[in-house]
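Take this structure, written in structure tokens, and hold onto it; I'll ask about it next.
Going by the order they are written in, the chains are A, B, C and D; count residues from 1 in each one.
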Amino acid sequence: MTPETERPTTVQDVADWWGTAVSRIEPGVIELRGRPVQELIGSAGLADMIWLLLRGDMPQPHERSLLEAALVAGVDHGPHAPSIAAARMAVTCGVDLNSAIAVGVSMLGDVHGGAGQQCVELLDEIGRHRRDGRRLEEAVELTLASWRAHSRYVPGFGHRFHPVDPRREPLLSLVADAVGRGELTGEFLDAAVAVETALNRGRTRPIPMNIDGATAVIYAELGFAAPLARGLFVLGRSIGILAHAWEESGQGRRNKGPMPPGILPTRLTS
Amino acid sequence: MTPETERPTTVQDVADWWGTAVSRIEPGVIELRGRPVQELIGSAGLADMIWLLLRGDMPQPHERSLLEAALVAGVDHGPHAPSIAAARMAVTCGVDLNSAIAVGVSMLGDVHGGAGQQCVELLDEIGRHRRDGRRLEEAVELTLASWRAHSRYVPGFGHRFHPVDPRREPLLSLVADAVGRGELTGEFLDAAVAVETALNRGRTRPIPMNIDGATAVIYAELGFAAPLARGLFVLGRSIGILAHAWEESGQGRRNKGPMPPGILPTRLTS
Amino acid sequence: MTPETERPTTVQDVADWWGTAVSRIEPGVIELRGRPVQELIGSAGLADMIWLLLRGDMPQPHERSLLEAALVAGVDHGPHAPSIAAARMAVTCGVDLNSAIAVGVSMLGDVHGGAGQQCVELLDEIGRHRRDGRRLEEAVELTLASWRAHSRYVPGFGHRFHPVDPRREPLLSLVADAVGRGELTGEFLDAAVAVETALNRGRTRPIPMNIDGATAVIYAELGFAAPLARGLFVLGRSIGILAHAWEESGQGRRNKGPMPPGILPTRLTS
Amino acid sequence: MTPETERPTTVQDVADWWGTAVSRIEPGVIELRGRPVQELIGSAGLADMIWLLLRGDMPQPHERSLLEAALVAGVDHGPHAPSIAAARMAVTCGVDLNSAIAVGVSMLGDVHGGAGQQCVELLDEIGRHRRDGRRLEEAVELTLASWRAHSRYVPGFGHRFHPVDPRREPLLSLVADAVGRGELTGEFLDAAVAVETALNRGRTRPIPMNIDGATAVIYAELGFAAPLARGLFVLGRSIGILAHAWEESGQGRRNKGPMPPGILPTRLTS
């Protein structure tokens, strides 16, 4: 009996419990969003597959290339990134590459990999104010005020490491080009640039848009929901995680900690 | 002091501890295998980046397209795949997409995602016998005998679900075409087909090459080490994991278990 | 140079970066919160160690026994729990027990394992209203109103499966006994019971306090911060996760999906 | 239809698919190995529950105290341990404590947390030789020879950090006491000490038994299968992982990498 209905559970209930529109897998059949896998192998690229599985159809050329650019931009940020460092440590502990990647991906939380997601939310909030009839500057001020009421950080802007993020310019240029060709509205590009302008007004040390901000512009322009900004970042960053884990596995260390064993952690007293 | 040398540890030791050839990240600089990221954004695809980060240079066109085909082939196998089912369950537990993907990727162990890795090892073993002067059939028999001494399963062959794996044919055709154009030696394709022939001799119900076998042929022909067959499979499967997790997150279930709550697990006695 | 200060980074900076008061590990020395491990082995129990490492000193007897009771209560909830099901699936994929446990623990997100954490927050909110001079009923009403403004669920109350949660009564009795002996104030017990009363006013089908609510009472009475309610639940549930993963590993399945392979997931159309 | 049998799958098949002897969870009922949870709450400790769920009955007092001592010994090894460092990094990335613990636990692979498992296997191998009539020294030599044929390391002996592991002596003393009282046979204690003697013959710098070796003796004497040596270590180490993650979460760092940001990883050229 199901507790809710008193109706006996059936095999059909089990089939429904796992119902999906993403793929159809039956003996001898593999269809992805209605397309036989054998037609996709050799014709579709990875970015096509990402779009197809998430959106249900194949991307237009500009959609595919912008998505791919955003993913490429985030593949790696070296051993200072916790996602990379943890994966390198993992392989020295005797786990396989899938576990090392899982460890790296697990680190992409609200602070490390979630800023893109939050930045799409912020851009969406500006968009709602504009649809309510606000001017852009006003919409930005209202949004920044509400954001700052609950966080010290404006997601997608500023970097602890790069004074200027070298990924900002090429990503925004690609978006501007697509806007120029009429392929995108440019609404989210304008909003993000306006946020950057507002943040830097009167400052000597600038707070430039970072990778999370620039890719959030792309994801928002392409119509991806905010949580997918994080999900997509995971797909790109996994490439760098794999490459670092693989390099580390060839260096022969065992149980690699975060620093050489000769350094003893400072003893805190509280 | 480092325990081994009695020499005081220096900041240079710490820098060396995290040394890498994959990327160079300095304030304002992001280089991946020596290439500035701003040159890659907009020109390189995901398959290019995978090759670049793992191999150190850009792939040839046939290398890129074969790698991409192998990755596309493995993106999804529906809710029966533990990697997919676990990720769908994860999002209903209130974790973010990065955690759901990590859970799915964690499942790609020796049995679920590791068969490709083992199949590359098997094909490599056949290759060693051939370089020792054995004929192909002999090399296959020796390899199968040694493999069966420690496992009931020949990795890369047979499927509990598909009588014929629809991914086998298109993948092997792409390899055969590249061999025909002189881009690959075909050594590993021949070895895998010879294994399939040997396994099916005298059988009525065939044991066909599966996705792990067909992609292992590609990875081996492209010169990837065996552990990377698993690592690469993770990259492709992550796409399907993300798509399923995202679909599930829109269905509103909370704490989704493996079956409707009306079914009670059978009580076992010991 | 550190970007912030222009002062060269030193080895002492690295030692400080990893500074900790939890343990002191030096060649030949292992101290946990200032106590040599050799004094703890054989004298301290697991609940003592949990308290010691989190709080910095050893627990009083009633603190230890209440903590242990709360942990024991949550060890297992069978294969319907995603944490248990996913770990069972994991071992059939060829990963080791540590990976299977990690998979299970990963599932304990805001919805599955986080309700205890949220319930401590809710009880803390009631406490703040009381310290502002509100009567208990008033404090409960204000808190429930603010909680319902952002969530359909009141954490710690109601169960999709159990009409009455068999863990509620013994846990609350232990708290009531300790209050009777003057060991606890009972403030959080009173608050939780008042919430239960408010929720059930005028209902025919009751919404009883569940395991998350009853253990939240204990953790709050013992002075644990809200996030530790989740952390502690993880420690207890890991025991059940390990036991189920171990049982499954003896049953010989490979790549166990969520249902027998003869059931095909329903095809959805969106 | 199930592919294997052509018989239609039934709801009973689904119930059997998830059958378990560990627990019985039905509306209003929670039984763990046949014992109602309400009888265990307040009377059973964590070590009791571990034993009960894994073994099916309650431990004898000496079994409980030895198991608890082994678990206590491994709770923490400071930030040099990858399991601890990774969990500390994880919380600064904006994930919850369950994810931080999962990350730490994931690191306990064949090298980091698996040595205890391998040491139980090694002690079991010595036991098989003895049951074949070999003397202890002979059994040890045969076992060490076969082990060294496939590994540079003898699991459970030697430590990169501690010249003498302070956990060895108290753990072995507890075992010796139990042997003296006739509670254990001492077979595995003798074997491990004989291995230590053999390893140190003729050496000036000793290779002492470490925590993995000393706990392997306990687990083997108590009759746990080798894989559970790793599973049990996970349970104990999770306590330290939680304590470190919690401490780190109070220190306010964001995206903590393995070293201060002023240190740039050395550029490697291969």
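Heads up, the rule we're going with is that a residue touches a chain if its C-beta (ideal position, glycine included) is under 8 Å from a C-beta of that chain, and two chains touch if they have at least 3 such contacts.
Since we're looking at a predicted model, the values are computed, not measured.
Separation of subunit A from subunit C in touch steps, taking the shortest path, is 1.
Among the other chains, B has the CA centre that is most remote from the centre of subunit C.
Inter-chain spacing, taken between the CA centroids of subunit B and subunit C, is 36 Å. Taking each chain's centre as the mean of its C-alpha atoms, subunit A lies 22 Å from subunit B.
Shared interface positions of subunit B, defined as residues touching 2 or more other chains, are 3, 8-9, 11, 14, 18, 20-21, 24-25, 27, 78-80, 85, 95, 99, 102-103, 106-110, 113-114, 160-161, 256, 258-259, 261, 263, 265. Only residues 1-3, 8-9, 13-14, 17-18, 20-25, 27-30, 32, 36-38, 40-42, 44-47, 49-50, 53-54, 65, 68-69, 71-73, 75-80, 85, 96-99, 101-103, 105-110, 113-114, 161-164, 166-167, 169-171, 173-174, 227-228, 230-232, 234-236, 238-240, 242-247, 249, 256, 259-263 of subunit B touch subunit A when the two sit together in their complex. By the touch criterion stated above, subunit C contacts subunit B in their complex at residues 3, 8-11, 14, 27, 78-83, 85-86, 89-90, 92-95, 99, 102-103, 106-114, 160-161, 254-259, 261, 265. Looking at the complex, you find that subunit C touches subunit A at residues 3, 11-12, 14-16, 18-21, 24-26, 95, 99, 102, 106, 160-161, 258-259, 263-270.
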